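All chains are identified by letter, namely A, B, C and D, in their written order; residue positions are counted from 1 within each chain.
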Amino acid sequence: MLEMRSVRVVRGGFAVLRDIDLSLESGRTTLLVGRNGAGKTTTLRAIMGLLPIEAGELAYDGADLRRMRAHARAALGIGYAPEDRRLIPEFTVEDNLLLPSLALRLSAKQARERLRMIYDLLPELPALRARLGGHLSGGQGKIVALGRALMVGTRLVLLDEPFQGLAPALAHSYAETLARVRAERRDLTLLVTESGPQLLEALVDVKLQIERGRIDSLAPARSDAAESAP
Amino acid sequence: MSIVLPLLVDGLAEAALIFFVAVGLTLVFSVLRILNVAHGSFYSIGAYVAVLLGTWVIGRGYAPALTFLSMLLAAALVAVVLGPAIERSFVRWTYGRPEAVQILVTFALFLIFEDLQKLAFGVQPYSQDAPMQLLGVSSIAGVVYLNYSIALIVLAVAVAAGLRLLLARTRFGKLVTAVVADREVAQTLGINTERVFVSAFTLGVFLAALGGALASATSGVAPGLGAEAIVLGFAVAAIGGLGQIEGALLAAVIVGISRVVAIYFMPELQPVAPYLVMLTVLLVRPFGLFGSPAMRRL
Amino acid sequence: MSAALLSAAGVTLSFGGVRAADGVDVEVDTGEFLAIIGPNGSGKTTFLNLCTGYLRPTAGSIRLEGRDITGLSPRAIARLGIARAFQIPQLFAEHSLLENVMLAVAAEQGFWRPLRPLDRPAHRKAALPLLELMKLDEHAERAVSELSEGIRKLADIALALALRPKLLLLDEPTSGVSNAEKFALVETLAAALHNENVTAVFVEHDMEVVRSYADRVLVWDQGRIVADGPPNAILSDPRVLQNVVGVT
Amino acid sequence: MQLIPYAVAMAGIATLPLAFPWLSFLFVLAIAMGFAALGVALLLRAGLISIGHAMFYGLGAYATAFLTRWGVTDLMLLLVGTAAISAVAGTLVGAFVVRYRAIFFAMLNLAVSMVFFTLVSKLYALTGGSDGMRVGAPTLFGRAYSRAVIEAVLLYGSLALLVVVGFLVHRYLQSSMGQALSAVHTNEIRLAYLGVSVRAVLLAAYAASAALAGIGGFLAAVAIGHVVPEMTYWTASGQLVLVAVLGGAGTVAGPFIGAFFLEAVRSLAAGYLAESWNLVIGVALLVVIFFLPGGLHGLMHAGFVPRGRAA
């Protein structure tokens, strides 16, 4: 559903992404691993339209994403959870979750439905709904950011370093949450970056290694990935 | 006492006019993160257009009450014509560039607007007095007040409250809050930030032009008005804390009162008062009354 | 008074109900190469920020060679002999690598000569060996914005070393450095520290690096030191393994 | 370092007034403004924008007027006196404002300068208010000369001053203190962690910038023979920033190039567009900013000057 061909991104005169080829298949989970500075975050940001692509192609369901601004990409159902949560601190959790529906001008009914779906998927959230975004612990914030990304990303969700900054116990519970989302929403496509990839082994279909702005090796993470894919 | 009260009303009425400039400035700064020197020009252009419209209304023999409408219309006209055009061309170009460039681009616009106004309106002062005469005066305990001054004060408070409501309750306000908090994330949630920028900038222009339009009924409109308005606006915005609506309101009141006090004790130095207040406030609170520093993570 | 180079007693920092440091007591002896490990958010970087004056503790005291440095500014603390390298290299982006180091050298040798050029033989003479020591000499004339993250990390450490500190604090010197470069970097670093006779405290996530190079390990959790000892003992403690290393 | 273009420019400034005497006055004014803009440019290197430096320009001018009123008319004494007064004022104001950054620095300078502006325009008894003050006829080494001689002394004296002070500022910018200015801009925290007092770095630069602006004010005051409050109004400060950026803030020559350009435009516009030379300047500024990131100086050298950090 998403194709990157020979994508090049330059920041401050320096090519952060040199030649990225990436292809996401519908309903699969792709893990992008690599050290800090290898270009994982840049790849996600380039997909979201937060960074200009210097050369190469970026297509989504055959449509040219490069011609669309970031907010229009969100409208296509691409959700994004940046590494450091970045909730709106003066909004409640529920307002944070509803912000995309406001921005995308969803009807009240649609917004309610999506919110209910998020609350069902992430049962930690209803209890937090009235808390301010700025008053959440790290783990809670991560879950809210995931919920918000799912609110936008009806088809594709990009998660940047979801475990970064989480204590091991919290990271485990987050991974379980993610596995539950995965099980409930089989149609959803996920692209996850991670520098310590042990936690996601069970749910990853495709694992890619990014090094110096290039995706080097393609390796299926699970031998049964091909069978379980629709 | 009998002299302080009317002075206070005068001071606050003046504060109200500065508030319109400062709040627009602060709004534009918090959303676009640009200190717009040309903001003062919108104030003076609003004033000129309001006088022209007002004199036209009176000249055609329409009801003088219509001049209130014409002031509002003038502000709206200036905002709609100049706001989007300026934001989309020059201002947008400066996003992400060094502050010196941002300030200079808007300063260049200010210089250009100053001379365009001189070319269009000459150097002689323009004025209209219909609105003020219409409202008349009232006297309380033997002291006479201009009703127009009181109307200005009420209007400023209403605008502050209205802006607060707009930001807290409406869809537009929530989008603005999100953009102010995190521009980038706002985009990924589907918010068209460019549209928010245009709208916020235009709203800022409207507020400045409204201030100018309302001021045109209290004093003459002549070259230099915009230059004076913008520095006062800066001072008030800085005292309140950049980006703070309530801060701007409180700062405007403090500045208004300080000018009254100055008039009472040392009328010559009345124009210094706002700056002395600003220096004092920033000495104690470096980011203004309502502002707060951002700490860098290491 | 003990002979410790750095001693922290009851150091506490709380803001908004969170205790980023919670009664930290620790002593660092001269000549040690001390590793700090712990999960993200456990207060490791905060501790460095407290020791260097970027943050001010709400309680407790920090001493350098017995002298109370609690609440001093980063500048004053740097002048007293604590230098720091950062997780994200903090360099002067508009200057070349050599100029970066020469600025640090000037800071140490005498800064306030308005008509004496920064680029002078004495400064070069001090800066170039340092670049050689850190194996950076081939990049000397390049703008730091062009350098790779690993090189920038080393450059950041070179700036700190130019101050001839008594104590060097390093925040994740190997993060952002590829596995291939990681050991070479620490090897270079350890040799440089040994050569300059510098005591160092480093925050580290890579347990292999800790095991191979540290003399002593502090384990951090929720603003406290929960374990303190030699690497072999610490890294075989199942509690540490589970909570810090994340092995289940 | 290419000295030839500078030498040619100097020779031009020195000889052209021989053929066109009216140029002499313009050149002195341009050099005066160049000094003030150079002061602004020093701070720009540290990323600090002062919208208030016309205050020091005006201070130098008013100090000159007061000194001549009190009988100090010797040009050398006036130069040293105004430079010292401005430097002291710069140190005092700087001690307050260098704690601030970005917009707040800009606005505090603005506020202080507005206080100064109001004082000189309102203290009528002392300063003549908006009528301004007359500057007494200057002398040189205790002797009075005709206006023509004084004008020649001014032109060649300010040229010499430009060379000497320009060289000193150039050296300063090469020193650790000068290099630390852009280091403050790119990474203030690292500088503090090197044990360097960022405030001292900035305070020294601020005092120097005030002294430079004061020297400019002194030259202008003597050349014009009259000082007015408008010299210190905020729009004049804005113009100094404009001149610094117009010429290219990265070098010593840049602000002077900007100043000569501005004076040239001003005198050309005076003939045709007397009422709208601000408009011309505004358009010129936009053109330079949009198309010449290195300023006019960058254009002359056709070299690449980094635009600074794009945030």
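Please note the rule applied: a contact is a pair of C-beta atoms (placed from the backbone, for glycine too) under 8 Å apart; a residue touches a chain by one contact, two chains touch by 3 or more.
Since the model is a prediction, treat every value here as computed from it, not as a measurement.
Chains that touch both chain A and chain D are the following: B, C.
Of all the chains, the one whose CA centre sits at the greatest distance from that of chain B is C. Once the centre of each chain is set as its mean CA position, chain A and chain B turn out to be 42 Å apart. The distance from the centre of chain A to the centre of chain C, with each centre set as the mean of the Cα atoms, comes to 34 Å.
Computed centre separation for the pair chain B/chain C is 49 angstrom, with centres defined by C-alpha atoms. Looking at chain C, one finds that residues 54, 86, 90 touch two or more other chains.
Shared contact sites, meaning residues of chain B that touch two or more other chains, fall at 298. Looking at chain D, one finds that residues 189, 309 touch two or more other chains. Chain contact summary for the complex, chain B toward chain D: residues 29, 35, 37, 90, 93, 96-101, 103-105, 107-112, 114-116, 118-119, 227, 231, 234-235, 238, 242, 268-269, 271-272, 275-276, 278-279, 282-283, 286-287, 296, 298.
Interface residues of chain A, counted against chain B in their complex, comprise 48-50, 69-71, 74-75, 79-80, 82, 86, 88-91, 95, 99-100, 102-104, 148, 152.
Of all residues in chain D, those touching chain B in their complex are 44, 47, 49, 51, 96, 99-100, 102-104, 106-108, 110-112, 114-115, 118-119, 122-123, 189, 233-235, 238, 241-242, 245, 249, 275-279, 281-283, 285-286, 289-290, 307-311. By the touch criterion stated above, chain B contacts chain A in their complex at residues 171, 174-175, 177-178, 181-182, 184-194. Partner chain C is touched in their complex by these residues of chain A: 12-14, 35-37, 138, 164-169, 171-172, 196, 198, 211.
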